[in-house]
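This report concerns only the one structure given below.
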Amino acid sequence: MSAVIERHLDLTRHDVRSRRRRLGLVVSICFLFVGAVVVMAIFGPLLAPQDPQAQHLALVSADPSSAHWLGTDALGRDVFSRVIVGARTAFFGPLVIALGSFTLGNVLGLLAGYHGGRVDALIMRWVDLMWSIPTLLVVIVVAGAIGASYWWAVALLVILTVPFDTRVVRGATLEQVPRPYVEAAKTLGVPGRWIVVRHIWPNISSIAIANTFLVFASSLVALAGLSFLGLGVSPGTPDWGLMLSENETLLFANPIATIVPGVMIALTATAMNLVGDWLDESLAGRGATR
Amino acid sequence: MSERGTLILTLIGRRLIALVALVVIVSLGVFSLLYLAPGNAVDVLLGHRPRTPATVRALTDQYHLNKPFLDQYWIWLEHAARLNFGSSTQTSLPVSEEIRSRLPTSLFLGVYAFILVVVIGVGVGALAAMRRGGLLDRLVVGVSVVSVSTPSFVAGVVLLYVFAVRLGWFPVFGAGSGFAGTLAHLTLPAVTLAAAGTAFVVKHTRAAFLGVLDQDHVVFAKARGLSATRIFFAYLLRNAVIPIVTISGVMLSSLIVGAVLVEVTFSVQGLGQLLVQSANAKDIPMLQCISLLIAVVILVANLLADIVYLLVDPRIVLGRR
Amino acid sequence: MTDTAGNALEVVDLRIDRVREGRLEAIVSGVNLAVARGESVGIVGESGSGKSMTARAITGLLPRGLSASGEIRYRNRNLLDLTERAWRGVRGTEIGLILQDPFTMLNPVLRCASILGESLRTQRRLDRNARRAEVLRRLAEVGIHDPAAADRYPFQLSGGMRQRVGIAAALARDPEILIADEPSTALDVTTQRETLSLIKQIQATRGMGLVLITHDLRVAFAMCDRIYVLYAGTVVEVGKPAELDAEPLHPYTQGLLLSEPPLDHRVATMFSIPGAVPNPDAVTNRCPFVDRCQWATEICSNGPVSLSTIEGDRQSACVRLPAIRAELAAVRRQAVAGAAPRQPDRLTSRLIDVRAVSKEFVHSGRTTHRALDEVSLSVGENECVGLVGESGSGKTTLARLLVGLERASAGTITIDGVDATDWSALGRADLRKLRGSVQIIFQDPYSSLDPMRSIGWTIAEAITTRSRRARNVGQRVADLLSEVGLPQSYAELRPVALSGGMRQRVAIARALATEPRLLVCDEPVSALDVSVQAQILNLIRRLHVDRGLGYLFITHDLSIVRQVSDYLYVMHRGRVVESGPTEQVLDGPKDPYTVDLLKSVPRADQSWLTSSPPGHVASSGALTRKE
């Protein structure tokens, strides 16, 4: 009998639909781009050809030239160097937000989904409340009250983003909890914490991780937006959002100075979103979630 | 129908009560901003004006600063109900006047953008889903991702550059006067504002339609030879609308946020720009008023979305299987 | 071959392929069938046979990514050539289709009257009253006489009612041919018979052709004039029910027949076909059954097989038939040989003692649902007890109570001397004892195992949870695997690589890790193909003999419960309505529900549908949802 069974090793009714999409051209480019941004963020000052803060008052609002590849801004600062160094604030703040929200959101989501009952009701009420709050506006108002700063904004955004992660993770957890493999673990006597960590989490991790990339992208946009409004980084800091607003007046003189930082924001966010979507689809084959 | 009717009314009633409660909670938070700010409440309210015993006394009287916290809150709430939020610390003019003068502009912008979003968003999303996998679909998905990722202030600047600076089709800033003038001035901002919202709606509409297209009841409808029109309206649209309505609350929030950024980008004298100005200048009374206003708008809009959802899906009220 | 002139529908060399990544994967490879006017034809097959796709192809409703080739002749046209627009004139008007799942078949946002109204012919412009009258007339045709039903939404009706509405809608334009794709599979056993009987009656009244698609050969026998047996995309046998029942002419057909054990006596060993149903794409160049057939030789793998006429109308695709015909019959005789039933000795100590247990579920603060109502039941050491009931009977709730996944609202449960009514109140030692006494096997093998973990890991976890400092875990895993009939190399595999039957074996191995004395089996074979079911049943029986493992076997299938249990409880709507030694209960039922249940088991003859109407406990016109 086992000989016959051996022959049927790969014959299953639910065919193994390999959802693992090959690393397409677009996604590869996204990875490369993000990699470049990371490099710029970490090694910014080393890579910039000129001092981003140095003002060349003779060459104010100049067009791109061989000396200044992207021209200069209203204070004569080299735009290209500022763009490179600006990757810092575009990367680290969102990174902290994404990771912080991921950690807290996963813990809360798993708790709410697995235990249900009062704990879940409480957490969900809070999530629902935060769901309709426009994050950026809250940060603007609070910044208006207590004074604006980049890292305060980051801290506030972490708190405001946790509900979104929580909701996603809770939803995924709720799908798993009634499944027989979880119930079998319960009847065997596997402790709750082990079930959550070793059974449920690996099966929902793809959703949680893909979501983090999307959170990163939206945090990047939010922080850049705050700086654009003057409520983020302090004036003078090389930051894509701030540059966008500082140089808006230069649209007639040196439009590159304002368009390039804006494009960098858009491209980085797009790249992160695409990577997140791709991860979502390619990891979806694994685990019980699809 | 009447059974369902009464159930719906009860649910709406309950939600209204919840809404009022939420508004009260938010108002408490908004009121506390005065005390969140670093420094003395008086200093904050003084703004740039010099600090003299006379002005201090005047402010203390005007804002009842020597009363206990909750008393102050209550008085503030009473005033707020009568739309009196005090005076701006920047201009010393009454807050409500400033708001009133800017409200029409923001409203125009918001409605303009909303119409664009709904018409284009749902239309394109449905079309893309019906022609799944085709050129249109792939194009739509691609553009959507980029559009969602491009913040409105970036798109705004780019559009401003292309259409206003280079091509000169639209004015560069301001809100214009008269209907035609306003329309012309606010087109670029409205389009920018609509861009991200549209992408969001397209994505969800497409997903909603795709979800419905695969369902058994659609197959059964085709199997009975029903016309394409009937299937589209009674089967696809009717069922796809349900998930779309549920995201409309989020869409509205993002529209409001976007409006703030867009107004700043295009120098439109609306409430959003006022909000940012007030935040930069720490004009607490102004911030309080605008925050409360926005909070009420969002809560009411969410309530409306909930009501539409109740009406559209018979399973909610009458019980799921 | 049948006379072409009398045929309403003819399918010639139908092939259905899936286009995937540039190549074509076969789903159906060359099906031929014919339906004469007023004839009812059955297509019988298990999963992966392609039967549903064939139905879809005939109505032009193949899902995206699938394409059909060949001919489907209806009224001198090849339907496969039709444009979508032309199809609209055929679907519903000429050929009707009923889908399998009544719970998803009807538009949830429309009332039943609208669903029926939209299906009526559009040529006749009816005014409101006339339309309403027509809708009510159609509903009456399917046995719904209460006009209020027309104003309900589908979700307010029971499954059986929904299926009736679906049938009425499918027939609204009076098609010549009705294709019913597993019309009763998603329904309760008792409702199944009603639904099938209704379809048969309507067919007779209207003189319609019927194509019935099912996985249950006996249902096809009762309903159809001619049967096509489909396996892995190929038709392997054609014949009349009586002839097929008397002597199947293909090893698969016979295997299928024997896989569902008889209701009226116990067999010595339950028959199953080893292995699992293959992917149709993998077997296009040989006899699809070759891997599982005990008579397979080289000629079976030489090339694709086709039907050849054996005698009269009978056709078979077995190339070795003349040679093995006698052996085939011999195997059959042996398989249905009876066995003496065990006399249950109920005096053995009770391992599980359930007394007057009730369980209520509260739904979002408003409604309470009484799932169990003062149920009393017991299982002794080493005893094989069966629990029979349909959905809503409370059998699954009871199973969950026994393993601590739910808590009883009232009553007591004693397991091996420990009060197991409320597991959360027990200390560690007691919990450990309980877990070592009772374990459970779930119904769905596809989600019983953690998809991210290997088989070996899953079983090892069960072992180490039991005893933290277990030694030789690897060896014990291997031992358990071989005990359930799986090769030890499987320990490294993930569940996705195994078939449903194999996964269920793994689930059993996992349950055995705690060395339980009793196994609660909650519908362990319902989700498996019929030809594979007995593999698991035989395994459970063998474990009973080898290990002294008792079990509580929960199922809705009376034939199976006869084979595996000595004592039987029958549950209905949360109560035990009858109990006793299995043979007694099944041969001489006392409770009307049990009688009804027995009548609803498909019997392979035409009288099954028309025999005395069921003394149903719940009236068939009930609008309430079946819980």
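In this document, chain identifiers A, B and C correspond to the written order of the chains, with residue numbering beginning at 1 in each.
In this text, a contact is a pair of C-beta atoms (placed from the backbone, for glycine too) under 8 Å apart; a residue touches a chain by one contact, two chains touch by 3 or more.
Worth saying up front: this structure is predicted, and the values here are computed from it rather than measured.
Student: Viewed as a graph of touching chains, is the assembly arranged as a line, ring, star, complete set, or other?
Tutor: Shape = complete; every chain linked to every other.
Student: State the pair with the higher C-beta contact count; candidates are A-C and B-C.
Tutor: A-C
Student: Roughly how far is chain A from chain B, centre to centre by C-alpha average, rounded to an integer in Å?
Tutor: Centre separation, chain A to chain B: 23 Å.
Student: Can you check how far apart chain A and chain C are, centre to centre, with Cα atoms defining each centre and the answer in Å?
Tutor: 46
Student: Could you work out how far the Cα centre of chain B sits from that of chain C, in whole Å?
Tutor: So the centroids are 52 Å from each other.
Student: Which bits of chain B are touching chain C when the two form their complex?
Tutor: 132-133, 214-217, 219-228, 230, 234-235, 238-239, 312-315, 318-321
Student: Along chain B, where are the residues that touch chain A in the complex?
Tutor: 22, 30, 33-34, 36-38, 145-146, 148-151, 153-155, 157-158, 160-161, 165, 249-250, 253-254, 256-257, 260-261, 264-265, 275-276, 278-280, 282-284, 287, 290-291, 294, 298-299, 302
Student: Under the definition above, what is the set of chain A residues touching chain C in their complex?
Tutor: Chain A reaches chain C through residues 1-2, 4-16, 179-181, 183-190, 198-199, 202-203, 286-288.
Student: In the complex, go through chain A and note every residue touching chain B.
Tutor: Contact set of chain A toward chain B: 129, 131-137, 140-148, 217, 221, 224-225, 228-231, 241, 244-245, 248, 251-252, 255, 258-259, 262-263, 265-266, 269-270, 272-274, 277.
Student: Can you tell me which positions in chain C touch chain B when the two form their complex?
Tutor: Residues in contact with chain B: 59, 61, 63-64, 88-93, 96-97, 99, 101, 103-110, 114, 118-119, 122, 153, 155-156, 166, 169-170, 172-173, 625.
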